[in-house]
Structures are given as structure tokens and as C-alpha cells.
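The structures come next, written out as C-alpha cells.
Across the two complexes that follow, subunit A remains constant while its partner is subunit B and subsequently subunit C.
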Partner chain A sequence: MSELGRLALLLGFGCSCFAVGSIAWGLRTGLSGPLRSGRRAVWAVCGLALFAVILLERALLARDMSYRYVAEHTSKDLPLHYAFSSLWAGQEGSLLLWLLILSAYGSAFLLAYRKRLDPFYDAVAMVVASVMIFFTALLSFVCSPFRILATPPPDGMGLNPLLQDPGMMIHPPILYTGYVGFIIPFGFAIAVLLLNRSGTRWIEEVRRWTLFCWGFLGVGILLGARWAYIELGWGGYWGWDPVENASLMPWLVGTAFLHSVMIEQRRGMLKTWNIALIVLTFELSIFGTFLTRSGVLTSVHSFAESNIGPWFLGFILLSSTIATALILYRKALLESENRMEAIVSREGSFLFNNVLFVALTFATFLGTTFPVISEAVTGTKISVSAPFFNRVNVPIALALLLLTGAGPVLSWKRATASVLKRNFILPAFMGVLATAVAIPFGASGVYPLVCIFAAAFVTTTIVMEFARGIQARKDLETGALPSQVAHLVQKNKRRYGGYIIHGGMVVLFIGVLGSSVFQKEAHGPLKNGQALAIGPYTLTLRGVTEQQRQNASLTTAILDVSRGGKFVGTQHASKAFYSKAQQPMTEVALHSTPAEDLYMILGGVNEDGSASIQAYINPLVSYVWVGGLIMVFGIFIAASDKMRLRREEKLAP
Partner chain B sequence: MSRFVPAVLLFFLIAASAAPSSAKPRDLAHEITSNIICPCSCGEVLSGCTCETGKSMQATVENGVKMGKSKDQIVGALVSQYGEVIRGAPKAEGFNLIVWVAPFAATLAGFAIAFFVLRKWVRRRAALYAAGAPGLEGSEPEARPDGTVPFPTGRSLEGDLDALRRRAEEELGEMRRKR
Partner chain C sequence: MGKSIRLIVLSLAVVAAVGYLILTGVKQTGMQYMSVTELARLDRAPKSEGFRLDGTVSPGSVVYDQRVPRLQFKMTDGKEKIAVVYDGLMPDAFADGREVVVEGAYKHQDRAIYASKLVTKCPSKYEAKGLGKDKS
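Moving on, here comes the complex of A and B:
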């Protein structure tokens, strides 16, 4: 069976090479035959990758220990669903999943544009196929998931306990769907340069693909944060860990692109800049894989380290060199007559927004890679971690939040003084009001106060935008408010979808502010019947139990939780000890309310029989997740807009 | 408009209700531990670390605070024991100054570039306008009083050329395929 798997990957490599060669030939000669064959080869790679995945899953589920990958990442006592998800627990399996998603994107792309006869789309498929060459080559010649052990061990090494979590079953595939998806925008950009295409139609198409994978990446990041919150047991959800940063960077640049692309659509400006952003987003998503997989940086998420780092680095260098060379070669294509009415305008605010997004990405990139650079230069090992990013990234992010409010209320072309006055006075007043109200409640410090001001400011501008839209349509609409809002959103999905995304971002910022600045902590050893007070809560230890699970032994502290003297429930904080991995794992007890989370960890059981309990109150943490959901809702609305495209098609002669 | 206000107020009320129960400044020990990284393989910020190394370091910090040592003394002692690597953020001196300065320098430089580029574009348009160039973005309508911008009624020359080129290419492609 393993030979079949190897053969499938080898054939996949062959088909990818064929696809690139064939499409290139077709593009050169204008013959349709080679283009068609190339398209079919892309489909074939998708089928072969799927076949390889099925073979590996079969081995994983059967715990066939003759496979090295299976022996390294599963064990016989591993629950079936985790055996299934251990496909992406290790390096080779993750790369195989990556290839599957990549080839699925290629096929989905060809399916979506199967009726378009324009060879432009074949060129995009060619770019996807050339990335497939890289991945199939890695899987065939460098790190095959189908390596066989000469003497199969009686049992495997087991799955990393950190990955034995329901969140880990969906987080990686969703994150990958985001990461890998940036291949399509990248393909568009390269195809535009290769074929010397002008016009803005591809920009509309690329915007949708970008929105799609950008949304998936965002959801993937949030799921990762949720996983860290529940599984890592340190009371937080975002630690500015290298791998977290790696996923954030393409998301940030992608966000910058989604904004600046509007200027290109409206004004035909910033062509080079937009192409550069697309290329950067793609390279950063590959860089993310490189960071996770290379072991250059230590991280809580780098579960599979190996020697494939140089390959990725080489690929990044090669692809970015080609992209840069193409941009320079097609300079004339990207030239645009840039004209602007005023600096204080929507266009202007987008430009500053782009600066901030790219600066935030740069700060994250520099901070993430600086330990390696500094050690190479000074010879001293240093860390650049959360305390750094909290000081450097937070102010830039807050500036962005402020701009989130300012941008949409500036009119296109030129914002006159009267427009500025009309649009800014109320939001600014609400911002000051919210800040003034927050101070007696205990808010202090520059960043928290700026965040509160900005949150109120942005919320007011969004509400005003909706209210103004409804006001403008009041002659047409007479129904109830919800239906008026629904119709308004229907009318311009991109615009109001965007505002909803901004609203979600504000909610998320409030959650981050609440849970970081106002977090409260208490800890102590508790004997049976003893209580620990934290804020309005009292935790009383009711006992400690020992329990055997399928592949772990579980020590659980049973805690009665009361708030203000009123009993609210019994919670179980556990420490699991996985026999295979020989390491303890925290299983957090969580009492969630909309206003705050009570987060309880069992540190361990002491010699005198007392249990070390650590408890946090994380205010407003639910806002982080709710904010994320609102953003997803907004993305759905913004992405479902076809109006602009249809209109353009109608206008086409 | 007034009907939106209750929803927004509710949203902020929940936020505000969460604050007073926990708005209390953290102690010095927490300030220190939240800026130190556990030197063992876990790599977590010390204040949230639950591994054995982390716990003993937390105890060291708490003892130091109880004995009345200053923040610098406690951190200095830990750094001399475990190395610079335990600082969550490098000291802003020497080569490591770069990582502190570069992000803000880049942001400011970016702003400056954006400003000058925008000014150049504004001046270019003004110059063209003064020269009486015809049809200057005339196709793009001004914003309505409600802030929305209607779709362009006319199409630019470039847009027309694009459409023609696209059509020609599509037809050519079709012909090639039929052949």
C-alpha cells in the first residue's frame, strides 16, 4: 500500500510538471489542445493527492505501525477521531494536506472558470501547478509520508497531548484553507504580469478569492486562539508566539490589500502596490509554514520540526525573485495616471491605513525573527515575546482602530470642512464620553483609554452610517427597523458588509482590552473544604479525584463556585498525564458569562494533599469570540456581492 | 437614528459592568513575572507558566518582592542566573535598539512617503485642471449628501479600451479552440 502512496505522489509530481509545461506551450503557441491537457493535469493532481490522503488515513485509522508516520504520531490507545486528525499532527501529513488543499484550489478555480475561454485563466492555473511541483517534489523526494519501518514497533509514540483537543481537529484545516488560498490571488497577479493584461476586471475576481481565504485565515487564527485559551492553560489566548505571528502577518497584508484594491477599482491607481501586496501575502503564508516547520524559532505550536526549512526558504526566495522581476519587467503595464483631489479623502485614508497595516506586519516580522538576527550578530540569545509586542504593536493597532472610524466617514475624492464637521463631532463626543465614563470604573493608562475612545468613536460612525443610509431611503422603506437595515445591507453588500466587519473588529478590540488590562488572578494551595476568593467569586475545593482514561490518567479538582455568596455551579479543573508522552496537560475549568470568564487551573497536587489552584477572571473574553463571529458574518455579506461584476459585464460591448 | 442608541448602550453597559469587579492594579510581582519568559522548553511568559521551573522562579520573584528588593534587582539576579534570554523584551541598548526603533521609524517613514505621494498626486491633478484638460474624472459622480456615491454613469477611455481588448482576446481564443 505504501508503494501506491509513493506512486501517487510521484505521479502527482509528474502531472504538475506536465501541467506547467503544457500550459506554457499552449500560451506560447496559442493552441488550445495543450491548454486543455494542462487543465486536466491539474485535476489529476487533485485526484492523486486525495488518493494519497485516503491511503494515509487508512493506515492511521488502522494504526498500521509499519508506516513511520503512523508510528510517530499515533498509538493503539489513541481515540479514533484523533487518529484521523493526526494526519495534520506531523510534518509529512501536514504537507500532504497542504498539497490536497492546494490542488483542490486549482481544481475549484478551473471549475469556477470552466466556461471562460480566455487563456488568462490557464495562466493562473499554471502558477498554481508550479507551486504544486514544489509540494509534490517535497513529498516525493524529501519527506515522504509513506516511509516504511524495517521493524514495526509494537506500539506508536502517541499523539502530542496538546493536539488531543477537538479544536485541533478543525483549526489546522481551516487555517490551511486560508494560507493556501492566497495562491489564487498570487496566480492572478503573476498571470496579469505574464500576459501583460491591463484593466480592472481581474481585480474584482481576485478580491472575492482574497476575501474567501482571508476569512478562512481569520477564522483559523481565532480557532487557534480559542485552542490556546482552553488547552495551554496560561489564562490567555494570544501570546505573540512566532507561529501565531506567522499566521497574523499574511492576514494583515491581506487586509491592507482588501482596502487598497478599492482605490484601484475606483480610480485605477496603486496597481504596482496592489500586486506587491498580493505577492507579499502569498510569500508570508509560505513563510508561516517555514516558521512552523523549520524549527528556527521555538514555539508552542511547532509540533513538527525538521530539515525542510532550507527548501521553504529557497522556494520563498525563488518565487519572490520571479515576482519582483516580473513587476519590474512589466513596469509600463502597471503605470497609472495617479491624480487625487485632496489628501483628506477616503483615498488618502486608505493609503495611511495601508501604511499602518504594513508597518504592523513589519513590526511583527522583525520581532519574530529578531532573536535569530540578534544572536547571529551579538552572539547572545535573546527573546522577543509578548512584552515587546504589547509595547510596539499595540500602539500601531490602536492607530489602525482610530482610522477604522475615520476612513469610512471621509468622502471619496475630497472631504470638505462641513462634511468633516458633520461626520466627526458626534463620534468624537461619544468617544470622549465613553472615556470619561470609563475612568471612574477604573480604566487607566494611555492605551486602554485610547482604545475605549476609539471603540466608541468607531461604533458611533458605523451606527451613523447605517442611520444615514436608512434616512436616505426612508421614502422607499416603511417597514420595521430590522427589515430596513436588511434592505439597506442588501442594496450595497460590500459597503455594509465592510462596516459589519469593522463592528466585529471593535467588539474584538473591547474583548482584548477587557481581558488583558482588567484580568485578575489568585492562586493558592487548597485543602478539602478550603476556599479561594477572586473578585466576587469564591472557589471551594470539594475534593480531588483520580481517574483513568483511554490513554491518560486524570487528576481532577472539584470546585464549587459561588458568586457573591450564591452558588453558581461545580467545576472540574484537571491535570491529565499522558503515559505515552510522559507529560502533564492542563485541562481548564471555565465558567463563562457574557461579561467575564472564570478560568480555573489545577497546578498539581502537593505532598500534603492540598491542590494548587490558579484562577483568573478574564473580563469580556467572550467579546473576542463574538467579535470574530460578527466579522465572519460581515465577510459573508461582503463576499456575496455580485452587483459590480454583473454591471460591468452588462456594460461590456 | 434614536432607535440604534439602545442597542449600542447595551453593548457598552455589558462592557462597563465587567470592569469595576476587577479594576485593581496588579502587584509588583506580577509586573515582573509578566515580563519574563520561562527558560525551560515551555517558553511561556512566567506569570502564566505552570511548569516546575516556572513555579520556582515565580516563588523567587515573590520572595524578592517580600524582602523589599526593587524590580531591577530581582530581574537582574534572574538574568545573571539564566541569561538575557529570559527577558520577554530585549533591553533597548546596543544592537537590540534596532528592534525597538525600526517599527516606529518605518511607520513614520511610511506616513511621510504616503503624505508626499498624495501631495504630488493632488498637485498633478491641480496642474491638469488648470491646463483645462477635458473630461478629467468627469465620469465619476460626486458623493450624495447622505455620503453614498452613485455608480459612474460614463466609462473612462481606458475602461472602453479594456473591454474591447478583452472581447477581441476572447473571440480570438474561441477561434483558436475551434480550429
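Moving on, here comes the complex of A and C:
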């Protein structure tokens, strides 16, 4: 069976090469035959990758220990669903999943545009296929998932306990769907340059694809944060770890692109900049994979270090060099059609937004790679961690939040003083009001107060925009407010979807502010019946139990939680001891309310039978997840715009 | 022309502000990489206090009081050892002989690092070597 797997990947390599060659030939000669066979080869790679995944999954589920990958990442006592998800627990399997998603994107792309006979779309498929060459080559010649052991062990090494979590079953595939998806925008950009295409139609198409994978990447990042919160047991969800930063960077540049692309659509400006942003987003998602897998930087997430680092670095260098050369070669195509008329305008705010997003990405990049950079420049290796990012990134992020409120209400070309006055007085007033109200509740410090001001400011501008929209349609529409809002959104999904995304971002910022600035902590050893007080909560130890699970033994502290003297529930904080990994795993107890999370960790059981308990109050942390959900909702609305457009296109002759 | 000059000035101001944040950020929060041997062989207090060390947990040196909670151990790079004090719960993957990364303040009079961050590297890649060779 393993030979079949190797053969499938090898054939995939062959098909990818064929696809690139055939499409290139078709583009040169204008023959449609080679283009058609090239398209079919892309489909074939998708089928072959799927076949290889099924073969590996079959081995994983059967715990066939003759496979090195299976022996390294599973064990016989591993629950079935984790055996399934260990496909992406290690490097070879992760790369295989990459290939599957990549080829699925290629096929989905061809499916979506199968009626278009424009060779432009074949050129995009050719770019996708050339990236498939890289991944099939890696999987065939450098790190094959189908290596067979000379002497199969009686049992495997087991799955890292950190990965035995429901979150880990969905976080990596969703994150990869986001990462890998940027191949399509990248393909569009390269195709535009290769074929010297002008026009804005591709810009609209690329916006939809970017919105799609940008959304997935965002959800993936948040799921990762959620996993870290529940599984890593340190009371937080974001630690500015290199791997976290790696996933954030393409998301930030993607966000910049989604904004600046609107200027190109409306005013035909910033063309070079937009192409550069697409290329950068794609390179950063490859760089993210490189960081996670190369072991260049120390991270809690770098589960396996390996030899594929140089390959990725080489790929990034090659692809960015080609892209840069093409941009320079096609300078004339990317000439701007208009000039900026005033700084205080929609364009100006977008430009400012872009500068800030790129600065944020740059600071994150610099901080993440600082050990490598400082060693190269000064000879001493210096590392920076969370305090650096909090100092540098927080003010930039707050400036962006303020801009979220200002940008959408500035008019295109030039905003007049009366417009400014009309749009800004009420939001600014609400911002000041919110800040004044927050101070007696214990808010202090410049950044928290700016954040509160900005949150109220942005929320007010969004509400005003909705109100204005409804007002303008007053004579057309009557009915209840919710249905009026729904109709308004339906009429301009991109615009109001965008506002909803902004609203979600505000909610997320409130969550980050609350949980980072107002966190409370308490700890202590508790004997049966003893209590630990933290904020309004009292935790009383009711006992410690021992239990056996499928592949771990579990020690649990049973805690009665009361808030202000009123019993609110019984919680179980545990430590699981995984016999295979010879390692304990903290299992956090979480009492979650809209206002705050009570987060409880069992440190261990002492000789005298007392349990060491550490507890945190994380205010408003649920806002982070709710903000994320609101953003997803907004993305759905903004992206669903395309259905309507498509239908109109079909009707048009 | 005034417009484009204003635009350039504004962009430069942003770049300068971000540059300033980065520079002061590095200066105030940067931690220098040191090997355990380099730090242990210092004969006087170093100029800066923030350091980052890679090494392994010296077997038998771990003293853990989970009531405080405080974790103390000796870290080694194979040649020298240095004491580490970490106020916090023991990370799950922490054990004798494991690879750890420590960030914190070095106090020369105590010859110890007071760690603000302790990361335990995952051990699985070392265990995997026990699987033997591939079938040819």
C-alpha cells in the first residue's frame, strides 16, 4: 500500500510539471488543446493527493506501525478521532494536507471559471500548478509520508498530548485553508503581469477569493488562540509566539489589501502597491509554514524540527524574485490613473490604513525574527518577546482602530469641513462619554483609555452609517426596524458587511483590553473544605478524585464555585497523565460568563493531600470569541455579494 | 505640490514613530542570547540584566514547591550549570533532561537567573529516533 502512496505522489509531481508545461505552451501558441490538458492535469493532482491522504488515513486509523509516520504520531490506545487528526500532527502529513488543499483550490478555481474560455484563467492555474510542483517534489523526494520501518515497533510513540484536543482537530485544517488559499490571489497577480492584462474585472474576482481565505485564516487564528487558552493552561490566549505571529502576518497584509483594493476599483490608483501586497501575503503564508516547520526559532508550537527549512526559504526567494521582476517589467501596466486629491479623504484614510497595517506587519516580522537579524547585523543574538510586541504593536493597532471609525465616513476625493463636522462630533462626544464613564470603574493608563474612546467612537460611526442608510430609504421602505436593517444590508452587502466586520473588530478589541489589563490572579494550596477567594468568587475544594481514561490517568480537583456568596456551579480542574508521553497535561476548568471567565488550574496534589489551585479572572474574554463570530458573519455578508453579481453577468449578453 | 509634500511628511512621521517604538522596544525589552557556559564563567556582573538561555534541565536538580508556586532547577549546556528560579507552575512538559528555553534577569550575586518565561521544548522528536531505520 505504501508503494501506491509513493506512486500517487510521484504521479502528482509528474502531472504538476505537465500542467505547467502544457499551459505555458498553450499560452504561447494560443492553442486550446494544451490549455485543456493542462487543466485536466490540475484536476488529476487533486485526485492523486486525495488518494494519498486516504491511504495515509487508512494506515493511521488501522495503526499500521510499519509506517514510520504512524509509529511516530499514534499509539494503539489513541482514541480513533485523534488517530484521524494525527494526519496533521507531523510534518509529512501536514505537507500532504497542504498539497490536498492546494490542489483542491486549483480545481475549485477551474470549476468556478470553467465556462470562461479566457486563457487568463489558465495562466492562474499554471501558477497554482507550479506551486504544486514544489509540494509534490517535497513529498516525493525530501520527506515522504510513506516511509516504511525495517522493524515495526509493537506500539507507536503516541500523539503529543497537547494535540489531543478537539480544537486541534479543526484548527490546523482551517488555518491551512486560509494560508494555502492566498495562492489564488497570487496566481491572479502573476497572471495579470504575465499576460499584461489591464482592467478592474480581475480585481473584483481577486477580492472575493481574498475575502474567502482571509476569513478562514482569521477563524484559524482565533481557533488557535482558543486552543491555547484552553489547552496550554497559562491563563492567556495570545503570547506573541513566533508561530502565532507567523499566522498573523499574512492576515494583516491581507487586511491591508482588502482595503486598498477598493481604491483601485474606485479610482484606479495604487496598482503596483496592490500587486505587491498580494505577493507579500502569499510569501508570508509560505514563510509561516517555514517558521512552524523549520525550527529556526524556538516556539511552544515547533513540534518537529526538520530539514525542509532551506527548501522553503529557497522557494520564497525564487517566487518573490520572479514576482518582483515581473512587477518591474510591467511597470507601464501598473501606472496610476488618478492622483490623490486630498489627504483628508477616503483615499487618504485607506492609504494611512495601509501604511499602519504594513508597519504592524513589519514590527511583528522584525520582532519575530530579531534573533536572526541582530546576529547578522551586530553579531550578538538578541531576542524580544511579548513585552516588545505590547509596546510596539498596541499603539499601532489602536491607531488602526481609530481609523476604522474615521475612514468609512470620509468622502472620496476630498472631505469638506462641514462633512467632517457632521460625521465626527457625535462619535467623538460618545467616545469622551464612554471614557469618562470607564474611569470610575478602574480604567486607567493611556492605551486602555484610548481603546475605550476608540471603541465608542467606531461603534457610533457604524450605528450612524446604518441610521443614515435607513433614513435615506425611508420613503421606499416601511416596516419594523430589523427588517429595514436587513433590507439595507441586502442592498449593499459589501459596504454593510464591511461595517459588521468593523463592529466585530471593536468587540474583539474590547475583549483583548478587558482580559489583558484587568486580569486578576490568586493561588494557594487547598485542603478539603478550604476556600480560595478571587474577586467576587470563592472556590471551595470538595475533594480530589483519581480516574482512568483510555490513554491517560486523571487527577481531578472538584471545586464548588460561588459568586458573591451564591453557589454558581461545580468545576473540575484536572491533570491528566499520559503514560505514552510520560507527561502530565493540565486540563483547565472554565466558568464562563459574558462578563468574565473564571479560569482554574490544578497545579498538583501535595503530600498532605491538599491541592494547589491557581485561578484567574479574565474579564470580557468571551468578547474575543464573539467579536470573531461577528466578523465571520460580516465576511459572509460581504462575500455573498458575488452571487448577485454573477447572476447579473449571466443575464448580460 | 503642497499636497504631496504633506503626504510625504505624514508618511515619514508614521515611519519615524514606528521606528522609535521599535528601537526603544528593543532597548528596553531585548534579551541577549547567552550560553550557560558564557554566563556561568562571567567574573563580574554583566551590563545588562535580561538574558535568554537554551539548555537542558540538569537531572536531579529540580526543586518544586507547588504551593508557592516556585520552580528551581539547574540548567546545563553540558559544560557548566546555572541556577534558575521561576515563580510559576511547572510547565506540563518539564522534566529532568528536557530542553528548555529560559528568559529572565540574571543576578550576579546569586549566580542565578530569575526567569520570567520558561518554555519547554517538546521531546517527541528525540524519542522518534528510537524507531530505527527505514526498510530499503
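One rule holds for everything that comes next: the second predicted complex is superposed on the first by the 633 of 653 C-alpha atoms of A that agree within 3 Å, B and C clash if a C-alpha of one lies under 4 Å from a C-alpha of the other, contacts with A are read in each partner's own complex, and residues count from 1 in each chain.
Operating definition for what follows: a contact is a pair of C-beta atoms (placed from the backbone, for glycine too) under 8 Å apart; a residue touches a chain by one contact, two chains touch by 3 or more.
A quick note: this is a predicted structure, and the numbers were derived from the prediction, not measured.
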Task = Return fit or clash for subunit B versus subunit C, each positioned on subunit A through the superposition.
result = clash
Task = Classify the contacts of A:68 with the two partner chains as first (subunit B alone), second (subunit C alone), both, or neither.
result = second
Note = In this superposition, the partner of subunit A with more touched residues, subunit B or subunit C, is B
Message = After the superposition on A, what does A:494 contact: first (subunit B), second (subunit C), both or neither?
response = neither
Query = Regarding the shared-chain residue A:459, is it in contact with subunit B (first), subunit C (second), both, or neither?
reply = first
Inquiry  = In the overlaid three-chain picture, which partner chain does A:524 touch, first (subunit B) or second (subunit C), both, or neither?
reply    = second
Inquiry  = Once chain A of both complexes is superposed, is A:150 in touch with subunit B (first), subunit C (second), both, or neither?
reply    = second
Request  = For A:343, decide between first (touching subunit B), second (touching subunit C), both and neither.
outcome  = both
Request  = May I ask you to decide whether A:606 touches subunit B, subunit C, both, or neither, giving the answer as first, second, both or neither?
outcome  = second
Inquiry  = With both complexes superposed on chain A, which partner does A:160 reach: first (subunit B), second (subunit C), both or neither?
reply    = second
Query = Touch check for A:585: first (subunit B), second (subunit C), both, or neither?
reply = second
Remark   = On subunit A, the footprints of subunit B and subunit C overlap at residues 233, 298-300, 340-343, 351-352, 355-356, 359, 362-363, 366-367, 370, 374, 380-385, 387-388, 391-392, 396, 586, 601, 603, 614
Remark   = The subunit A residues in contact with subunit C across the complex are 66, 68, 71-72, 147-151, 153, 157, 160-162, 233, 298-300, 302-305, 340-343, 351-352, 355-356, 359, 362-363, 366-367, 370-371, 374-375, 380-385, 387-388, 391-392, 395-396, 523-525, 581-586, 601, 603-604, 606, 610, 612, 614
Ask   = For the complex, which residues does subunit A have touching subunit B?
value = 30-32, 117-120, 198-201, 232-236, 239, 241, 266, 268-269, 298-300, 338-343, 348, 351-352, 354-356, 358-359, 362-363, 366-367, 370, 374, 377-378, 380-388, 391-393, 396, 409, 411-413, 423, 434, 437-438, 441-443, 456, 459-460, 463-469, 471-472, 481, 492, 495, 507, 510, 514, 518-521, 535-536, 586, 594-596, 601, 603, 614, 617, 619-620, 623, 647, 651-653
Key: subunit C - residues contacting subunit A, complex   = 3-4, 6-7, 10-11, 14-15, 18, 21-22, 24-26, 28-33, 52, 54, 66-67, 69, 89-90, 92-93, 95, 101, 103, 117, 119, 121-125, 127-128, 131-136
Request  = Would you tell me which residues of subunit B are touching subunit A in their complex?
outcome  = 1, 3-4, 8, 11-12, 14-24, 26, 30, 34-35, 37, 41-45, 47-50, 55, 83-90, 94-96, 98-100, 102-104, 106-107, 110-111, 113-115, 117-122, 124-125, 128, 136-137, 140, 142-144, 146-149, 151, 155-156, 158-167, 169-170, 173-174, 176-177, 179
